[in-house]
Each structure stands twice: as C-alpha cells, then as structure tokens.
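Please find one structure pasted underneath; my questions will follow.
Read from first to last, the chains carry the letters A, B and C; within each, the first residue is number 1.
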Amino acid sequence: MKGKEGTWRLAWLATAIVLGLAGYAIFFVAPPELRQGNVYRIFFFHVAIAWGAFLAFFISFFGCIGYLASRQQEWDWLAVSTAEVGLAFTTITLIIGSIWGKEIWGVWWTWDPRLTTAFFLELLYISYLMLRVMIVEPDRRAMVSGVFGIFAFLDVPLCYFSIVWWRTLHPQPIIGGAPGTGLDPRMWYVFLFVLVGITALMVVMIRERYRLEALRRQVGVLAAELEERAAPDESKGVTA
Amino acid sequence: MNLPRSAGAVLAKELRIELRTRDLTHTVLFFVLMVAGLFSFAFSPTADESRRILPGLIWMAFFFAGTLMLQLCFVREQANDTLAALRLAPIDPFAILLGKLLANFLFLAAAEIVFVPVFSVFYNVSVLPVLGRLILVLFLGTFGLAVVGTVFSAMTAQARMRELLLPMLLLPVLAPVLIAGVEATGELLVPHPSLAREWVSMLAGFDVIFLTATWLLSGFLVEE
Amino acid sequence: MDIALTTSLGVEFDRVEKRFGALLALRKVTLRIAPGEFVALFGPNGSGKTTLLRMAALLVRPSAGRVTHLGAEGRGAGEIRGQIGLVGHKALVYDELTARENLGFFARLYGVSRPAERISRVLDAVGLRQRADDVAGVFSRGMRQRLAIARALITEPRLLLFDEPATGLDRQGRDWLDRTLDGLHDAGATVIVSTHDDSLAALAARSVHLDAGRVVRDTAASAVPLAPEARR
C-alpha cells in the first residue's frame, strides 16, 4: 500500500515536471506561427487536452461495458472517474478554444462542427453525472449509468457526422489557414511533449478520482457496520 | 419465449389501456396544438418564413411532447408494481421494451397524423406533393425518438426527480435526430423538394444503432 | 381446488446477501425449502421477508451467494420463471383492464395453452366469475387480492410465493385465503407465505423467523444447520 502510494506521488511529480517543461517549450522553443503569430501557442494545450478528453470518454465507455459484463463496482468507479476527468478536459478545451477563436475569428463561439460536437459531448456527460446524482442505490446507479454511458458514447459519432453535414449545408465563418498545415518540426516536438504531459495528467487525475470513489464505498460500508453495532442486536444468542 | 408473440401481447396491452384512458394521446395532441397556436402568436410568420421555420417547429414540438408522454410509459407500471409482473413472466426482457416502444411509436404517429395537416393549414405550407417522403422522414425520426425515449423512461422510472431527468438525458442524445429530421423536412418544403439521402440514412442509422443497443442491453433495463 | 400440479419446485438460499446501498437487506441467509413444503415467514417490517420472496421469484438478484431452485436443476431462468407464482404487496395487475383481460394478458405472456379455458377455471377458483368483466380499478381490497392470486395461478405454478397476502382482508377474506393456500399446498405446490398472522402459522408445517436480514428461528432447523455467520 505504502509503496503503491509512493509510486503515484512520483507519477504526480513527473507529470508536474513534464507539464512545467512543456509550458516553457511552448513559449520559448516553438517558433511563432507565420500567420497567427503567438496566439497559435494555445493550440498545443488545446489539442492535447481535447485528445485527453476523448481518451477519457473512450475509457469511460469501456468502464460502462465492463460493469455491465462483470457487475464489479470497480468498473463503475473507472467509468465515473474517466467521465468526470473527460468533462473537465472538455470544458477547458472549449474555454481555451474560445479564447483563441476570439482572437483569430473575432467571435467567442461559432457553430463549427468540432465546437458543436464538443458542446454536445459536454451536455451528454453532464447528463451522465446528473443521472448518477439522482439514483441513490449504488448497484442500480452503476447499472443505469452504465447503460446511459454506452448510449451517450454511441451517440458521439452520430452527433459529429450530423453536425459536419449540417455545417457543409450552411454558410461557414471564414477561418484562417487550418492549423497543422506545414508545421515546423520544432512545433511537432513540443506538441508531442505536451501530449505526453497531458495524458499523464489525465491518468493521475483519474486515479485520484477513482481512489475517492473507492474511499466513498469504504465509508459507506463502515457507516453501515457502525450503525449495526450501535443497535442492540436482538438476534444475539437466539438459535433454533 | 417467443419474442414476436410476447412483444405483441405487451403492445396490445398498452394500446388497450391507452384506448380506455386516452391519457397519452390527449396530452400529446393538446400539447402540439398549443405549440402550433402559441408559435403563431409569438412570431406571426409570413408564408416564406413559416416554410423556413416549420421543420424546426414540428420537430421541437414532437420532442417535447414525446418527453411528456414517455415519462408515463414506465411510471404507469409502478402503481400496482406491474413491471414486476412483466419481469416474472418467462419472456425475453427485450419483448417488454419492444412492445412498449412500438406502442409509443404508434401514439406519436397518431399525434402526427393530426398535427401535420393542422400545421400545414395554420402556416399555409402545402405538404401534399411530398406526403410520401414526408411520412418516411417522420417515421424514421419518430421511431428513433420512441426507441431512445422508451429506454430512458425505463432507466429513470425509479430515479429522484425523474420528471426533470428524462428530458435532460433524452434531448442531448436526440441531437442527431433533431438535426437530421429538421434538415430532411426542410428539403421537402422548399419550392423544388428533394429527399436528402444523407439525412434519411442518418435517421435510419440512428434507429438501427440504438435499437440494436436496446436489444443487447434490455436485460439490464427492466431490472430492479 | 382443481388446479392440477405435477411435481413441485423448492428453493435453496446459500449464504445469500442483498445489499441496497449501505443497507444490508439479507445477511448470509442459508435456507433450504424442499419441494412440497408449506413455510410461513415471520419477521418485523424491514426484516428481509419481501427481498427473500422476490429473490425466490428471480426478481431480485443476490449481491452475494446463490439461489437455486430444487427440482429444476439444469433448467434455464425462463423455464423456472414459468413455474413460479408470486402474490406481492401490490396487486401486479392493471387497474384499467378487466379481470378477464388482465388474466388474458398474462396467459399470453406465459404461453398458456387454451387460455380461455384456463382463465375461467382460475376465475372460478378464486370466486371472481361474477366480476370477471369489471375493470380491476373498481375492485375492493379483497377482490383485488383474489385477482392477484388468480394472476399468480394462471401458469399452474409449482412454487407459490405470497407476500403478506392477508393484509387488508376481513375475517371472511382471511378464512378464504387460508383455505386457498391449504388447497394449493394439497394440490402439490410448494408454498411460502410471509405474514404477521398466526392463523397461517398453524397451517404451515414450518415457520421461519427473520430479523434484520438474518434467519433467527427456524422450526425445521435440525434439517438445515444454520451457518455460523448467520448466528453471529
């Protein structure tokens, strides 16, 4: 137990160092972009965090399937931890994307396919968490939210394609040259570095959240046991 | 253990109860008529404007009416614990959901049969030349709404604040149906109407994916 | 009672637990009810009687332990369900439908052969023939209970589970209930009844007392030694 905890502390430390270095690299290693100047630097974190969000939701989907297949609470803990981290990452992605959009597009928000999909993703997983709040009994909560989690995840590609087709039928905002065209190799290295840092952050955050869920369960069990000891046991000594 | 037979029995039971009480159909009809009227007061659209906004209005009205109606689908089984009675029977749990979702589909379709002509008259938009294609689009979209709505109704029946919860779960998941339904309906109401293949296939794809998921997960959905 | 039964179905609980959140509804219950027994379940409210019965009816799955149906080894859950009749707290019938329609619906779900015949036999057995075409919503408590029992009998069950069937019945209704349960048991069904009523205890050959999710007394305990955990 102690050793395990130590490993995780090291993981936190390593994540912090990688992210710190990544922050440095974004500002001092990567060159300015030709057309966007310095604003583009937001993209390193933006894209990496969006990737982390999607990866988290993907794991959450498997958590849901795992629970339904095995009925082991641990899978449900994984599903909720990853969904929450994914939601936090999506929110950050949307916020920093908005800041970039304001600078480059001149608006905070536009119904661009990726933005809109991220928006629906946000709604879907807020629903998932709300559903969990409304169901008290842990086994039923895990089961119902497992089913919803699967439905929500299946809905994501449908949302994405419907929005892409929808946008192509409507006038689109003028967007500056797509990022990713002709990236300087230094930009790539920095990006990979940021990606590693963010993925590590995702993993350690999920782990903390998972541990919280496990502790909650433990508290529930202990509380029930305590209550039982407090109540005089009438059945004591009565055997047939 | 015969799926069509037991699903048919559940469907017949739902229809019989509905014919006797008419709770759901009355609620849905009243709701959509009210939307049609109120909308006209609020925006007093011209014929051109209505052509543009009508598809969105039709689908939004159905979504909200559907949420109201689907709420009752499993809650109705709680008064006498009849869901337990269904689960006690030696039938595939999917039969319970299938019977109910077909019933919900028929209730919504019945409302649409009244609703579409009324809208067409109120807003002076002719639907007769495209009736067949419009029915196809409405059919696919309504079926998607019935599938996901029935499943979520089963999920939320025992939850706290289920009246709020159901629309919260349902509406985001139905976003693709809303977009595809509105777009496909819109393409049918323009001067040179055409059936938008990609939207029809989106609606059909949604129906197939979620009906399959329901079939796979039905055992969990009716559990206690 | 002319409800023909062939062989009956028992049920065995092996260290069964049921957890609802932090609440333990059943704690390591080990109980064997052999085919053909007539068992009365006693215990205060919340002692786990309902959970135990619903578990025997395959409505509730145990959080731990095993529930096996004796006399149905190797059969699938579907087939076992078809041989269990449950009369719950609530009537398990639709208020909007008539007695006959309710029974017709459940007969279809159970795949009863020659349903019309079966329905009229069951209606006679519970004495509802005169009211068969009234909607269940207008029934008195006693008649609802008769209909609930008719529903449970539609499939010719070999294991009958009754959850406090006497609640809300008048003297006459209770007498009728006692006779009915006795008749069903004589016809060969295993009968498990949860009750507060001592008259049923006289009828049942064995009584099992539950408290806080444990078996605390079993008049046939010599046959099944209690697990040490259950005695804790």
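FYI, contacts are C-beta pairs under 8 Å (C-beta built on N, C-alpha and C of every residue); 3 or more make two chains touch, one makes a residue touch a chain.
Nothing here was measured: the structure is a model prediction, and the numbers come from that model.
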### Task
Provide the labels of all chains in contact with subunit A and in contact with subunit B.
C
### Message
Measuring between Cα centroids, which chain is at the maximum distance from subunit C?
### Response
A
### Task
Consider the two chain pairs A-C and B-C; indicate the one with the greater count of contacting C-beta pairs.
B-C
### Query
Which chain has its C-alpha centre closest to the mean of all protein C-alpha atoms shown?
B
### Message
From the mean C-alpha coordinate of subunit A to that of subunit B, what's the distance rounded to whole Å?
### Response
32
### Task
Using mean C-alpha positions as chain centres, tell me how far subunit B is from subunit C in Å, no decimals.
38
### Summary
Whole-angstrom distance, CA centroid of subunit A to CA centroid of subunit C, is 48
### Message
Give the residues of subunit C touching no fewer than two other chains, as numbers and ranges.
### Response
none
## Note on the structure
By the touch definition above, subunit A meets two or more other chains at residues 136
## Note on the structure
Touching two or more other chains in subunit B are residues 223-224
#### Entry: Residues on subunit C engaged by subunit B in the complex (per definition of touch)
54, 57-61, 78-79, 81-82, 84, 86, 88-97, 101, 105-106, 108-111, 135, 151
### Contact set on subunit B toward subunit C in their complex
1-2, 5-6, 9-10, 12-13, 16-17, 20-21, 79-82, 84-91, 223-224
### Query
Quick one: in the complex, what on subunit C touches subunit A?
19-24, 63, 211-212, 214, 216-219, 221-222, 226, 231
### Query
Can you name the residues of subunit A that touch subunit C in the complex?
136-139, 220-221, 223-224, 228, 233-235, 238-240
## Note on the structure
Given the complex, residues on subunit B that touch subunit A span 148, 151-152, 155-156, 158-162, 165, 168-169, 172-173, 175-176, 179-180, 183, 198-199, 202, 205-206, 209-210, 213, 217, 220-221, 223-224
